[in-house]
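Report on the structure given below.
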Amino acid sequence: MGAKTKIISPYFLKVTVGLLVVSVAVSIGFGMARAQPAEVKIGVIYPLSGPVAHAGQMSKDAVSLCVDYINNKWSQLPIPIGNWEGIPGLNGAKIKLIFADHRGEPDRGADLAKKLILDEKVVGICGCYHSSVTKTVSTVCEKHKIPMINPESTSPVLTKRGYKWFFRATPHDRIFVRDFFEFLELLTRGKVPGVGAVPKSDIDEIGACTENTEWGAGTRDVIKEFAKKYGYKIVSDVTYPHESPDLTAEVRRLLTPKPETLMFASYISDAILLTKTMKELKAKANVFWSQDVGFYQPKYIETFGAATQGILNRTVFSKKLFAVKPVARHINEEFKKRAGVDFMGTSARAFTGMQAWAYVLNKAQSTDPEAIRRAAETIEISGKDLIVPWKGIKFENVGGETNQNTWSSGLIVQYQKQEPEIIYPLDAATAKFIYPWPGLK
Amino acid sequence: MVLLEVTDLTKDFGGVAANSHISLDIEKGEIIGLIGPNGAGKTTLFNCIVGYHRPDQGKIRFKDKNITGFKPFKTNREGIGRTFQIMSISGDLTVLENVMIGSFCRTSDRRIAREEASEILNVVELEKDAEAYMTELPIATQKRVGLAMALATRPELLMLDEVASGLNPKETEEMVALLQRIHKAKGLTVFVIEHVMEVVMPISQRIIVLDGGQKIAEGKPRDIASDERVIKAYLGEKYAKGRKNRGSI
Amino acid sequence: MLKVEKIEVRYSGVPVIHDVSFHVNGGELVSIVGANGSGKTTLLKTVAGTLHPAKGSIEFEDEDISTSSTVNIVRKGITYVPEERRIFGPLSVEENLKLGAYIVDDREEIEKNLDYVYSLFPILKARQKQLGETLSGGEQQMLATGRGLMSSPKLLMLDEPSLGLMPKLVDEMLEAVATLKEEGKTILLVEQKVREALEMADRGYVLQTGRTIYKGTGEELLETDIVKKAFLGL
Amino acid sequence: MQIRTLKDALSFGDLPAVERIGFILFITFCFIFPWIIKGGFAQAVMIQFLIFCLYGLGWNLIGGYGGQVALGQAKNVGMSAYTVALLMVRWNIPFWVCTPLGVIVATIESFVLGYFLFRLRGHYFAIATIAVSLVWQQLFINWNFIGGARGIELPLRETPNFIYMQFDSPVYYHYFAFVLVMIAILYMNWFRKSRLGYQLRAITANEDVAESLGINAHWVKVKAYCITGIFAGMGGAFYTVYYSYIDPFSVMHLELSIMIALMTMIGGAGSMWGPIIGAMILIPLDRYLGAWLGGRGILGVDFMIYALMVMIISAYEPRGIWGIIEKARRKR
Amino acid sequence: MEMLLSTLVSALLMGMLFALVALGLAIIFGVMNIVNFAHGEFLMVGMYTAFLTATIFSIEPLLTLPIAAMVGFLLGIASYYMLVRYLLKGPMIAQLLGTFGLMIFLRYLAMCIFGPDYKTLEHGLLIGKSIMWGPVVLSYPRLGTAVLSMLGFGIIYWMMDYTRLGKALKATALDVEAAGYMGIDTEKMRGLAWGLGGATVGIAGALLINFYYVFPTIGILFCMIAFATVALGGFGSIKGAFIAGLIMGMIIDLGGTYLGPQYKFALIYLTFFLVVVIRPKGLFGW
């Protein structure tokens, strides 16, 4: 290299110093953001871009609507938040949502949680859809002692970690699957309107088909557990890779032992392909149940139309609820105006999660995290105030779980003429059960 | 003492025999020239000895050890160094560093390698170019670097592939002088492929001639120069015939 | 026909051909001889358009082709038979030959040229269905030469057609070149078999380290000492 | 001998003054960073940057100096991350014991694969590394013992815990990552002057010539690949304790491998500072742009900027930003 | 037995699709020895083209084939002239990463334009129909794909072997320099190879949309299978791509049915890996 190259190169110097200066400036810039007075900041982390952006965007619309109700006066709204202008317990402080986009990456979610907590000084976190991201984000919250209310992640593990600052509003996969087995039991006892007692031997051979991600694998484990407990046989147990180019082999494997009850956990893409393949292979069974998500999206009904007749879904929300819950109809209309779609399981739960936040803040009467946590631990929100058909919201530590909303419950709906009619719980049923499943026509 | 012994070496490339049944011996301390027209199979023979090609048939012995089918790095460790027609070695490294790569073959200590490399650069008279990058150098210097790199591996047998190709007469003369000096100083055995007769004729003690993949002659330079088969190979059949006729007249 | 004026050619910035001029008249066989590395192949590749001169000009039939692409040069009527033969190994002899006639649109002309090549090299006809890579070195050279003829070129450039061939085949190959010349083809030949190359040639050039050091008719050159000196060191 | 090695590693004397100044600035910046910058996100991005520096510096060995397009760095990261996570979760083994084990597992894996894969050259090698990492990812997704698709989560401990490397403040993580990066930089500084460094560069330039100089190209490449595995392993172990959750999608993903390679290339593969420059540009760009856009505006526009950058650099200056700097420097 | 039979049939049908997707990759690799990582994205572009044309003009999806082929062709040519041409001058790492860049660019361009949603076509001549043939179910869209795939292979095979253009492509593939001496415009041939590669994969996309959904990140899924297929068949071999496509179909379907679907990708990648390591040239490689 010799002496001549030892001269300081301005290029290098410029580049290095420039980069350092830029990163310092940027970091300071973000570090200096300060909270505005008379505002309560809540950080909302959702997959706003990336492969599941549609779910994240829908949840974003739902929580935004909820905050709109809280911050402004909506006198026609028949629940308390309609009359609120800001949080009454905090002298009318308005909620300000700060959104962050985790793209489905757990590490990005954790980093963003730090941004929200440390830089934006949020009083709490709401999110994150993916159970995997909820895991890392809740860990950050726990470390920084910031409360987090999770409206929609259903992985049973989340509330089994003994976290004090993590609250889950939704029922989880265990509860949903248990509900379904309870329903099957009722079916055998002839309690379900629309059919007589179905012999257990007609439905006790289960074919389970779950996708190979955190959520699918979790569902599969719970299905196995309850099948054993309730005395059902799993005759075919298929797990498949998410976004598979072809599911013929899976469907064939699922159907070959001629299962009587089909149970699915799939995202929308695979749900569509599975159904198409089953249609081609002329699948037959007596009961067809799925764990929400893929089989319970507008896109799904749009794609298959009348062929969806008789498919069961677990969910927490159905338009049929409007009959018993006028408030849900009211809010749904507003939501449809803004987001262009009806409430679905995910968006309804996001709305409810934000509502829970408002109630918790109201009760805490402080933005101190510890006060919020104590408020959350003791809060009891009546089911009347919610758009979901729960008894309400009460975070309790039961059966090894911490801060799980024990007043939550699921619904089982059945597509009838392309409308999701509520079948279970029986007292909320809006239609008679169609048995057996008519197949995909 | 026979240093390198090749017996009955044959190498085919997809139906084209590049080398057929070649046998040769090299004594320790000799300089042997390998000549032949382009495409006669000289480089193939080199590559078989060094290990880039595995001969289809035949045996190669070096210092009484069978090295047939040894990989190039192994033959190098046995003591065979070679240069290439084009030594395209890293343009990111200086001349000294390139030569160090060769020295590293025998030592893992950077300082020793560096010392040895500068020593060898002195031998090939490149000390002033030590810090230059390869791409900045003229061909003659690059060839010398190649030679230095091969020397840095401390070979007993040095195989030079067209060390003078592309050089002008003055550079060629300098190269010849350099080779003779190295041979004398280090007592190396040298095996040279060459096209430029000005290089081979004066330095070789013995010359082997290949044509069409076969060994057609072997002997002292003077004898080779008047060997008819050789003249035929180089200047063509008719030329040889012509000479014969003229000779008979 | 071909007129090369004072060209300089560089490989990655380093000049390898300096100030070389030569010309080829219609119907002539011009030989360029020189030691390995003297720049003969570079010269032919420059004419063929793979390389472009940094200085000087190349004219073919009074048209400047020094910046033309290989494709255009082939279309103008110059074909180059490369040193390494570069036949298409996995293709048959006939396919190889037909590729040689790629720029010819006229089917009849292709057939005619094919017959001509087969008559020149009967062995190729016997092997027409065989794959190129299974041919022997001599046959491959014939195939390469034949392929060069398929486009009915105005100027055929042969780069060491005797390279790596057995002595017997060398003669055959060179005889074929002589035949071509007799038939009135214009040929630019680069050869190491100096004697034959110069004997056949109308004119010749001797190249050394990228410079023309001698030029003249074939016979004139054969009389000079340079030939003996350069090739046998006598 | 050891002292000499250390001296070599610590001596930057042969570098031009600018590089030394730049390096000192870099260290100083990293060192005082937690004290001058309090932003939580900035610190998180900084740690992410350090992790990627570590990955990139390791990859640079085989991909830059060695010229082998290995696109399976993520599987080394994952191997080590999984080893550490498993040992810590299942048997409660301290982090400081797990990490060496994780690194060893990653290294062994690199060795075994490298031994077979380096029989291939060029495209075939690149493609084979992709294939292996995909097989690995699939197996990890389906292997229930290690959590399958659900991944592994480290339990959160009540109090900060040095043995299990769990702290509330990112400062500790920052310094730990910084130490790892410094080790990597010092190693690289030694490496580029070492026998292995020269031999690897010789192989990159011309494998045939290198072999004729007594270099066992296959073995040298395997060695370099193992060292790459070590750094990836260190990165993976750190990632595990830092985020305390791993799954086959976050540490085994092909896109991580690609990201590491692209980042190094943009910075300048085969130069000491290349990976650092690459990470310095890409990581803040990715994180800040992502946070700033926050799913608003046009989806994926940040990726498009990034992709354009990659295409332009690979088409016009494959030696990356460092290549541009070098070029400018040599011209003068 | 019934299961085996129906598995074999569906494996064959799926294999034909894989083969068709791999065909373009094989052509591109064959002619210029460059691995196109954006190949899956070309497929995606084909699918979106077919989807858009079919929905906007509400025409039969099969009629969009020529349009998808055209768009694929133009995309291939554009990629060559605007990017790949320059990449070829650089080291191999630049070639690999450059096409990676193209892949990411196209993927997120699609994300920008179409959003991340899954899109499917619901109406069409073939869509959702099938016939039972004994125990074997034949799905119309797959059958149609298989037939057109065979047709496509036939055409390309015929073109490569019996036309002047094919010969020129082959010559360019075998030896660029020598092909130049024949008067073949090798630059154009390379561009054309990319165009052809794009067109075949565009057709594959237009067929695939009949029974599959499209979303911006679909590329990598099929790209990796196509890589495996091409590696198995031999880089650059058209016959190889066809046979390897069928083998891939078998592996996916038989492996998925008998060994467990969760392992089917692992199986493919494992085959891919083994082939590359044991016989890098593949079954029919040059």
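By written order: A, B, C, D and E. Residues from 1 in each chain.
One rule holds in what follows: contacts are C-beta pairs under 8 Å (C-beta built on N, C-alpha and C of every residue); 3 or more make two chains touch, one makes a residue touch a chain.
Remember, it's a predicted structure, so these values are computed and weren't measured experimentally.
Novice: State which chains count as neighbours of chain B and simultaneously of chain C.
Specialist: Both-contact set = empty.
Novice: Under the touch criterion given at the top, what is the topological distance in steps from chain B to chain D?
Specialist: 1
Novice: By CA centroid distance, what chain is farthest from chain D?
Specialist: C
Novice: Which two chains are joined by the greatest number of C-beta pairs in contact?
Specialist: After counting contacts between each pair of chains, the winner is A-D.
Novice: Computing the C-alpha centre of each chain, which chain sits at the greatest distance from chain E?
Specialist: It is B.
Novice: Go ahead and note the Å separation of the Cα centroids belonging to chain C and chain D.
Specialist: 54
Novice: Measure off the straight-line distance from the CA centroid of chain A to the CA centroid of chain E, and report it in whole Å.
Specialist: 37
Novice: Just curious, how far off is chain B from chain A if you go by their C-alpha centres, in Å?
Specialist: Inter-chain centre distance comes to 75 Å.
Novice: Using Cα averages as centroids, what's the distance between chain D and chain E in whole Å?
Specialist: Result: the chain centres lie 33 Å from each other.
Novice: Among the residues of chain A, which are close enough to touch at least two other chains?
Specialist: In chain A, 1, 49, 53, 212, 239, 241 touch at least two other chains.
Novice: Scan chain D for residues touching two or more other chains and write them down.
Specialist: 138, 141-142, 299-300
Novice: Name the residues of chain C that each touch 2 or more other chains.
Specialist: Residue numbers touching two or more other chains: 89.
Novice: Help me check something: in the complex, which residues belonging to chain D touch chain E?
Specialist: 63, 67, 69, 71, 116-117, 119-120, 122-124, 126-128, 130-132, 134-135, 138-139, 141-142, 254, 258, 261-262, 265, 269, 298-301, 303-304, 306-311, 314-316, 318
Novice: Quick one: in the complex, what on chain E touches chain D?
Specialist: 33, 35, 83, 86-87, 90-98, 100-105, 107-109, 111-112, 115-116, 216, 220, 224, 227-228, 231, 235, 262-263, 265-266, 269-270, 272-273, 276-277, 280
Novice: Per the contact definition, I'd like the list of chain E residues that touch chain C in the complex.
Specialist: Result: residues 164, 167-168, 170-171, 174-175, 177-186, 286 of chain E touch chain C.
Novice: Show me the residue ranges of chain D that touch chain A in the complex, using the header's touch definition.
Specialist: 14, 16-19, 21-22, 25-26, 29, 36-46, 48, 138, 141-142, 148-151, 153, 155-156, 168, 170, 239, 243-245, 247, 249-250, 277, 280-281, 284, 287-288, 290-291, 293-296, 299-300, 321, 325, 328-330, 332
Novice: Show me the residue ranges of chain C that touch chain B in the complex, using the header's touch definition.
Specialist: Listed in rising order, the residues are 14, 16, 35-37, 89, 133-137, 140, 160, 162-167, 170-171, 174, 192-197, 199, 209, 227, 230-234.
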